[in-house]
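Pasting a structure here, questions to come.
Every chain is named by a letter (A, B, C and D) in the order it is written, and numbering of its residues begins at 1.
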Amino acid sequence: MLKYALYRLCLAVPLLFLLSILTFVYIQIIPGDPVAGMLGPGGTPALVAQLRHELGLDQSLPSQYWHWLSNLFAHGDLGISFITRQPITPVLMDRIPATLQLTVTGLIFTVALGWLGGFLAGAFKDTWADRMLSGITLVGLSTPVFWIGTILILVFAVHLRWLPAGGYVPLAVDPVQSIKDSLMPGFAMGLGLAPYLARMTRAATVEVQHEPFLRHARAKGLRGRTMLLRYAARNAVPSTIVVIGLQLGALIGGQVVVEQLFNWPGLSRLLIEGAVQRDYYMVQAVILVIAVLYVVLNLAAELAHAALDPRIRL
Amino acid sequence: MTAPAASAATPVTAQRRRGTLRSRGLLNGRVVFGGTLLFIVVAVAVVGLVWTPYPADATNLQARFAAPQWLHLIGTDELGRDILSRAMVGAQTSLIISACAVGIAAAIGTVIGFLTGYMRGVIDIVLSRVIDAMLAVPALVVALGIVAMLGASATSVTVALAVAYTPQFSRVFRGVVVAARDQTYVEASRGLGLPAIVVVVKDLLPPVLPIMVVQVTTSLAWGILDEASLGFLGLGVQPPAPSWGSLLIEGRQYMYDAPWLPIGAGAFVVVAVLGVNILGDGLRDVLDPRAWTRRHSYRKGGAK
Amino acid sequence: MTGATTTKRETPEALLTVRNLSVHFRTGDTTVRAVDDVSLSIGRGEIVGLVGESGCGKSTLGMSLLRLIEAPGEIVGGEVIFDGRDLVPLPEKELRRIRGRDISLVVQNALAVMNPVTRVGEQLTEVLRDHGQAGRADRLVRARDVLASVGFPRPAHSLHSYPHQLSGGMQQRVSIAQSLLLGPRLIIADEPTTALDVTVQAQVLQLLTSACRTQGTSVLLITHDLGVVAETCDRVMVMYAGRVVESGPVRQIFTSPRHPYTVALLAALLPLRGAPPPVLQALPGQTPQPNEWPSGCRFNPRCPRRAALGDPAICEAEEPALRDVGAHAIACHFPGEDAVGTGRGSVRVDD
Amino acid sequence: MTKPEVVFRLESVTKEFGGFRGLLGLNRSAGVRALDDVNLELRRGEVLGLVGESGSGKTTLGRILVGSERATSGQVWFEGTHAEALRGRALRNFRKSVQMVFQNPFTSLNPRRTVRDVLHSGFAARGLPPGAARAAAMAELLPKVGLSEAMLDRYPHEFSGGQRQRIVLARALTVEPSVLVADEPVSALDVSIQAQILNLFLSLRRDLKLSIVMITHDLRVANFLSDRIAVLYRGRLVEIGTREQIMEHSRHPYTRMLLSAAPTGDPDAPHHRPWLAGDATPAGPMSGGCVFHDRCWLRKIVKDPDRCATVQPPLTGLEEEHMAACHFAEQTPAAAEVSLVPGEASA
């Protein structure tokens, strides 16, 4: 297992390296001069040149990359914002707890709804319960997060007044309020992603039921409970963990919308603000952090899968 | 089950497959239902070209924020414009953007998928890793980043979504091509000394096409959703030009006073995506061999 | 279904008696008669071979004895009497106690039928537990002992292995260990060695038969390999197209086969030693698929004897019943001893 | 007697899987040596049986012969030219000359193409223009493999295993090969169909003067078809000789073990098998020495364990045609007599 973990970790390193190149290249292919755009109509050529020099943009690409990467590694420095001229890293660090809290809440809802729904539908394949759950799943797949979120706000915040319509209090400041705040955005994210998980879980559960080892379990005269839990569930779950890992991208993508809708001060809001203001370095930095987050969470999912399925680890 | 029987399971499923294809054709229930929904949405968009209940940008300050009613089926906005009319016109923009984005992504992704899957070697290793890295960034985030670069417009949204979807296409096709390439019959074709292009056209393309259809529908659903999401985030087609996305960003500001604004425009998205998804599901059942094996592989040779 | 008479072959000490068993698969408007009106019996401690080619229904027959046929297949008629009780109408709950305890199953692909995510030890002990063996420690001891008995050099160590970590031969040994665990009275072994290398096949067969001989366990050995049957079984039944066409003691069948199909099967058996024949006696045509069985005698389109006799009409018109002829039972309209020669079956295995 | 013409010559061919791709984590079975220093020749017009159990490398060897796999080291000579150096047109001509028949007739035909389409591809590869030339070639080809014109417009799934194997043979013959590499061509077939296909191989060899490499795990099949038989074990050639030398007078203890394990189909034959032990996949990493030493019965009898465990015996000639890779090949027949229960040392 340890060997496998190391092996996966080693695979992640070149991936992260490539990611850093990609995000770096991203800013280089912007048509036009970002600096000129940044200074607006007031930017004289001299001013532009000076700023370019300050930002190191007048150096060769590889040396810029090297500079950027070494700053990132040595000081965790992601550059400065085009707009505020402040270092980006502290701003990012500020936002990460909120984003993590939302991700975790969303994941909890996703897993709870997705696994339960999918396993029930799969275990009772072709019954009315399965058809109903599959129908809900399909509608869920087709419903945009902002739409679900809007309706949730209208129902639970505006109409019933049970939960706040938006906002964020750090967990450390007021745990109860913080959890209340994160319930609705988390639920919206869960509703967005759970259909995928439910679908995969259902497929895996159905598939497992046709596995020869399940038929053979009957031949061994095992109890129904043993077959359901130790055979069906135990074999269906691991493959869905990989799905969760792969769908994390969608989860984080959905988070962009949710943070905006619920006024949640996470990373994604920073991304949107940066995008709207065309703050390229900010956008670049957030994308890098989101990608790293994805790679790390995905790695965790792979390892969890390996922990549950001995055939994976060698 | 005997060894010969085990291998005999293959032709049996093959027979089933062909039987299903021929007798039911492409017309299973979900294909029909999903296709109908999609057809309605497209029809509404086409009708919107020539006729809408009201001119899409006609303001009517007497009827600001009108709730859904007979004259305005899904209400009006802050300038008294009819949401239904705007959504009908916006449908064109949204559908064209997503269709173009998916088309471009499919074209490029297929080429990359074939290159990496068939060539293997260094090309495969390098490109596949790059694709992996690109897939690590969520499509919507990629699109956001690109729109930020290019400025929000219909064109940049199209380009952004196309770039965001390309890695998925190439990964799916690489998988299919690699699987097909390892088939013994492909090895046999190569063994006959046939040129690579013949092998690709005769043996590799046919299994890819049905999966392409399925993947295109799936991505189309995503395209409609993501276009709307970008609009919602203020980075899509910019108001006052109508698209489902831009209607949403307008509607969001008045969410509390006029909830029908976001909900009404969103409902169009839901119906369109639902149609595409159901259609895609149906097509997957009919076309995607991976779904067949899932359903039939357990069957025994003799147990037809 | 064709008015075939039941041949009463069961002896007083028969452990399992099958009478007129039919298993059909119904899909849409077609009905596939996978097993058609089959009767057989297995004595206590007897090793019986069930031989046939792919699609002849031998595996379906084996599975139906444990009532493990999956939809759309179902037992449409007949009795499976095990130790005095008919298993066909038995409630699933009672059947569960018989499966694995009194009748156990060994199949071809041992890896596929083991739970991939649990260790060997757990798979063995859970069978004991679910059949009411109390005491975790006792169960572990039993599991270890049974692994030792099937030739695991370090049984305690192997309890901690996952199935995929074992070689094919070892996987099949675990499978056999599991089938022996509760001291069953009948083992249904469906192609237990087909996927294995020859050297491993011989070892595993030896293991299975010697364990059963010492414990007095009966075995139904389903296989397509007559070579395996010859050296393992006491009695053999030959199936063709859903029906038993010939049955009898192994030596009888191998030295003087009566049914033209059996004759052809034996002729197709390649010699291991000695100069090979210049050309093989090959049956014409193809093995029929379960949904396209010929009318009348199902072997008639390929039958050399029928051809030699000038295509008598009865072969196409009427299905022959399994009848006793000497020490065998044979389902042929022309079972006469003299007819054997016309079956081109003169190529013996070992000359 | 003239020296037989050699079609293929393999010189110390070694094949390892893994390497670069393994390093990058793309292939986890890195560093597996499927073939180890194999020297072998195929003669014009002969049937060479290639016998071995799983993991013996026999399929890899076949794939190297047809050029779909490249040897890691060593040389493959085809009709006097270095096969691995061929490029472009010459490579394609080589591939046409050496055709493969696969084990599983259900995966070796594209389910989406009719038989006619498949065969026409072959004719196209041979350079026959569409029309009369192909029709004539078709009319000539079909009876050779026992197919009829009426079958041409059907899809593979409409055929049974035996018929499919005929189609596969027909496809191979469209390009007029001189060598056929058949990888377990009958092991997926029913016993009654096996005989038909084996007879077909015999007639093809006779009528078309083909050289055939018959890869099989079934000694009975090898015995029926082969002129010479080569025995592979864990990637090494352990014994080679004429059919009679291998089947009746084998000198390598592994060959003896294989022979003793094969079911005879004779209810009266004694089934005592004192030699059998272990299986072909090694339990742990092999530490050198003879590849067979961990399972060897002869080694126990001759009581010289050190040499077997440390020195890999080379393939050495015993008599004309017959070679075995065993330190104690001379003693095998006598030792076999001793180790068997009296009366059992048949053959």
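One rule holds for everything that comes next: a contact is a pair of C-beta atoms (placed from the backbone, for glycine too) under 8 Å apart; a residue touches a chain by one contact, two chains touch by 3 or more.
On a predicted model such as this, the values are computed, not experimentally measured, just so you know.
By number of C-beta pairs in contact, A-B leads over the other of A-C and A-B. Look at the CA centroids: the one farthest from the centroid of subunit C belongs to A.
With centres taken as mean Cα positions, subunit C sits 51 Å from subunit B.
For the pair subunit A and subunit C, the distance between mean C-alpha positions equals 54 Å. Taking each chain's centre as the average of its CA atoms, subunit A and subunit B sit 21 Å apart. Mean C-alpha positions place subunit C and subunit D at a centre distance of 31 Å. Looking at subunit A, one finds that residues 211-212 touch two or more other chains.
With touch defined as above, residues shared between interfaces to two or more other chains in subunit C number as follows: 53-54, 70, 107, 224, 289. In subunit B, the positions touching at least two other chains are 3-4, 8. Put simply, subunit C touches subunit A in their complex at residues 66, 68, 70, 96-101, 104-105, 107, 109, 112-118, 126-127, 130-131, 162, 164, 178. On the subunit A side of its complex with subunit B, the touching residues are 14-15, 18-19, 22, 26, 29-31, 138-139, 141-147, 150-151, 153-154, 158, 203, 206-207, 210-212, 249-250, 252-254, 256-257, 260-261, 268, 271-272, 274-276, 278, 280, 283-284, 287, 290-291, 294-295, 298. Contact residues of subunit B toward subunit A in the complex are 129-130, 132-142, 144-145, 147-151, 221, 225, 228-229, 232-235, 248, 252, 255-256, 259, 262-263, 266-267, 269-270, 273-274, 276-278, 281, 294, 297-298. Of all residues in subunit C, those touching subunit D in their complex are 53-54, 167-170, 197-203, 206, 224-228, 230-231, 250-251, 254-255, 264-273, 275-277, 279-283, 286-287, 289, 302, 349-350.
Listing the residues of subunit A that touch subunit C in their complex gives 211-213, 215-223, 226, 230-231, 234-235, 238, 308-311.
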